[in-house]
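Below: a set of structures, written as C-alpha cells.
After this come two complexes, each holding chain A, first together with chain B and then together with chain C.
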Partner chain A sequence: MIVAVTVGSATGLHAREAARVAAVAASCPTPVWVRRDGGAPVPADSVLSLLTLAAPQGTELLLESASSSSLELVAQAIGAS
Partner chain B sequence: MTALLLRGLGASPGSATGPAYRLADPPRLPAPRPVTDPDAEVDRAFAAIEAVSREIGARADAADDPTTSEILRVQAALAADRTLRDGIAMAVRAGHEAPHAVAAVLGEHRSALLAAGGLLAARAVDLDDLRDRVVAGCLGLPMPSLPHPGRPFVLVAVDLAPADAALLDPAQVLAVLTSAGSYVSHTAILARARGVPTVVACAGALDITDGTTVTVDGTTGRVTVGVGGPVTMVDGATGQVTATPGRAVAQVDDQSRTLPSDVRGVTRDGHPVPLLANIGSAAELAGVSVEGVGLFRTEMLFQHHLDAPGVAEQEAAYAAVFEAMAGRPVVVRTLDAGSDKPLPFLSDDREPNPALGIRGLRVARRRDDILRTQLTAIASAARKSSARVAVMAPMVTTVGEAAQFAALCRDAGLPKVGAMVEVPAAAVRAREFLQAVDFLSVGTNDLSQYTFAADRRSGELADLLDPWQPALLSLVALCAAAGQVMGRPVGVCGEAAADPDFAVVLAGLGVTSLSMAPASIPAVGAALAAHTLDECRAAAQGALAAGDPAAARAAARRR
Partner chain C sequence: MTAGIGAVLDPRAIRTTESAVDRLVAVHRCADVLEEIGAVERGYRPAMLERERLMSTWLGEGVAIPHGVDGSRALVRRDSLAVLRFPAGVPWDGGRVIVCVAIAVRGDGHLAVLSTLAGILLDPRRAAALRSSTDPAAIRAMLDPAEAVT
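Moving on, here comes the complex of A and B:
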C-alpha cells in the first residue's frame, strides 16, 4: 500500500520532528518506508534516514507499508504540524 | 625552574594563576589493521554506541530545562539509530575495524546533511560529536569534554566554540588562554561577561604541558608559564600568591573577579553617563548592582532550540531580567541570529558569505513570525514589570528598515524603540535614523568588522579591529553628533566601551550611555570620575585627530 502525505511541521522533518516520527514508526508492528517522489525509500523508524530526506514543510512524501494501520499512524505523525 | 613569558592579546581583564589544562583534542583514528574477527569487531562498535546512547540519555534525564533535555534526547536517538548500526555492521564486514567503520558511516551521513544545506547542515556538528564519542568508546578512551582536573584551572584551547564558552563555569575555569581568536571573538565576549580573565591569539599557548602553573593577565596580554623568580615579579602588581613547586595553587586576583558594587557613571564635574550591563540572561545579574541593562542579548534563549521558543517560555526569561532591574532601564535586543550565530530553525540554505547575508533584523524578511512572537513576549513581560523596557533591532541597514521595525514594536505595545548601528550605512544616516527610532546603540564590534572588511574572528587582522582606529572613531562621532542634534540618546554597547580610556573618549564624543560586561563597570566608572566633561571632550578631539590607533590611544591618555 502507498499513501502520499505532506510534511506539516513548520520546521520540516527536522531533528525533533524526525525523532517523533521515528518513535511512532518504531512502535508500529509492520515496517513503514518513506521516500520522496523518485527517491530511494528509507525506513521510517530511522531518525538519521528521515533527516537525510531533507524535507521542509509542504514536501510531499510517499509512505509504503504492508499494514494500513501502520501507514495511517506514520502518515498522521508526518502530517501533524 | 625558570618562567617563560608569552604574549597574546588581553581579551578579558583581570589576572589569575593556576594549573593549565588543555581542551582535549578529538580522538585520532589509529592506523587501520585487518579485521580478523568481524563478529567481535561489530560487538565492539555496538557496545560503544550503546554506551554513548546511554550516557547521553542519562544526561537528558538529568538536564534541568526541557530544551537541553530535548536536544540530548534527539542526540541519543541518533546514536541508537538502526540504520547507523546496519551501516556500521556492513562496513565492518567489508573489512573495516570498528572505529574506522563508525567514522566512515557517520562521515557519509554527515556529507548528506551538509549537501542538504542550512537547517540540516547544522546537524552535521551533532554527528561529529557523536563520531568523536563512539570512536573514543571503541578505542577505550575517555569521552571528549572540558578537562576536569578536580581543582580550579586555566583552560587552554585553540579557540572555543560559543557553545563551549557558554558552558564555562567561572568557579572552575580561572582563566582562558587560546592560540587563536581576537578581542571580539565569542570566546572573549563570553569570558568578559563571566569575568574570566582571558588572553587570546597567544602563540605558544598549545605548547604548555598540562598541570604547569601559568599566570594569565587578561589586561596586558602577558602569560607567564612555569614557576620561578620572574613569576613573583609579574605577580607583584596584583599581589598574588605564587605557586609552590610540586603543589600548584589557584589564586585569583580578587579585585578582578569581584562584581561591581553600585557604580554610577558620572564625570568629575557631575555629567551623567549611565554605565549599563551587557547580559545574555538574568543569571548574569546575580549579585550585581548596575544602573540598568544596555544590551540584553536574547540569542541564548533561542540557541538550544530546535524550533523557536514560544511566547510563554520567552516571557519568563524576559520577566526574570525585568524583575532584577525593577525601576531601571533595560534594552532588549531582538534575536540576532545568522552569520556566526546560526540557529537550526532559521538557516534554510547555505549562504556564500553569511556575515553579509540574512542575519539580525534581516531574518524577519523570511520569518517575521519569530520577531512578532518575540515582541509579544517582551511587551507582555514589560507590562507586568516596573523596569523601563526598550527594544532595539540588530543589523539595521536602512531608515526604511528602522521605521518598519519601529512600527512593529509600537503595534506590539512597546513604545520605546531603537536601532543598533553596526554597519557604516546606518552610521552615515544616523540623523535620519533618529527620525524613525527613539535611540541608537552603536555595536562597535560589528561596526569594526563591516567598516574595515575584517572578520571579527580573525586573529591575524586584530589590528584592523582595534576600536581606536580613527575611521571607527569618526563613525561613532557621527552618530553621537546626530543624537545631540536630534536630542535623542546614542549609546555604545560594543565591548570597546569596557576600555576605560576609550570610555572617556566616547563620553567626550557625546555618547550618552555605555554598556559593557558587568565586571568592567568599576574600572570605567573610576576613569569617568577622574575626568571633567571638558577633559573627555579634549581626549575625544585628540583621538579623532590622530593618524592611527596607537597615536589615538596616546592622545587620549595625555588628557
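Moving on, here comes the complex of A and C:
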C-alpha cells in the first residue's frame, strides 16, 4: 500500500531529521520505501538514502510498505514538524 | 529553492591536509575554518561540540558532517559548508573519519549539496574518490549538485 506524506520539519529532511526518520523506519518490522513523485524508491531506514531525496519542508513524498502500521509510523516521523 | 555549490562552499573552506588526534579536535578544526571564512559567530563552536556529544554526526564511508544543535541557527552569519580532509583518519565513534563536511546553515539551501554527498557515499567507488582526493577544485566539483553524476 502507498500513502502520501508532506515533510513537516521547517528545515526539511536534513541530516538530523533523516537520522530520526531512519531510526523509526529501522524499528519497524516491515520495510518502508520512500520516493518523490516520479522518483526511484529508497529504503526509509537508510539515512544516506533519505538525504538523496533533498526534501525541504512541504515536499510531498510517497511511502510504500506491505504493513500499514509501519507506513503510519514512518509517515508520522516525516510529517512531524 | 536550493542554492548551488558556489553559494555555500567557499574555496577557502576546503582543506585537504588536516590532522586531528580525535573527534573533538576535528570538530574544533571544522569550527576554526567556519570562523575563518566569517560564516559563524564564535558561539557556533560550542553548539557543534554539543551536537557531536549528543549524537555522532558520522554518516558512513569515512565521512562525518559536524554541525550545530537546534537553536544555534541564529549564530550562522552566512549559509556555509567546509570540507576538511584528515588523510591519517580520525577515530570517530568506533569508526574512522577521513572527510568532515562541516555544516552551518540557517535554512534548507544546503539540501541539494547534502543529497549529492549522500549519493556519493552510497557509491563505494565515488566515496573512495572523495576520500582520496587532494585537489580542492575536484572536491568542490564532486559536491556540486549541478555537476553530479548519478
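Keep in mind that, in the parts below, the second predicted complex is superposed on the first by the 81 of 81 C-alpha atoms of A that agree within 3 Å, B and C clash if a C-alpha of one lies under 4 Å from a C-alpha of the other, contacts with A are read in each partner's own complex, and residues count from 1 in each chain.
One rule holds in what follows: a contact is a pair of C-beta atoms (placed from the backbone, for glycine too) under 8 Å apart; a residue touches a chain by one contact, two chains touch by 3 or more.
Just so it is clear, the structure is predicted and the values come from calculations on it, not from any experiment.
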Touched partner set for A:L51, first chain B, second chain C, both or neither: both
Contacts of A:A80 with chain B and chain C, given as first, second, both or neither: neither
Which of chain B and chain C A:A66 touches, first, second, both or neither: neither
First (chain B), second (chain C), both or neither touched by A:A4: neither
First (chain B), second (chain C), both or neither touched by A:A19: both
Overlapping contact positions on chain A, where the chain C interface meets the chain B interface: 11-12, 14-16, 19, 47-49, 51-52, 54, 56
Complex contacts: residues of chain A adjacent to chain C: 11-16, 19, 47-57
Of chain B, residues touching chain A in the complex: 70, 73-74, 77-78, 81-84, 109, 112-113, 116-117, 119-120, 123, 126, 306-307, 344-345, 348
Chain A residues within the chain B interface of the complex: 10-12, 14-16, 18-19, 22-23, 42-43, 45-49, 51-52, 54, 56
Of chain C, residues touching chain A in the complex: 1-2, 55, 57, 59-60, 65, 67, 70, 103, 107-108, 110-112, 114-115, 117-119, 121-122
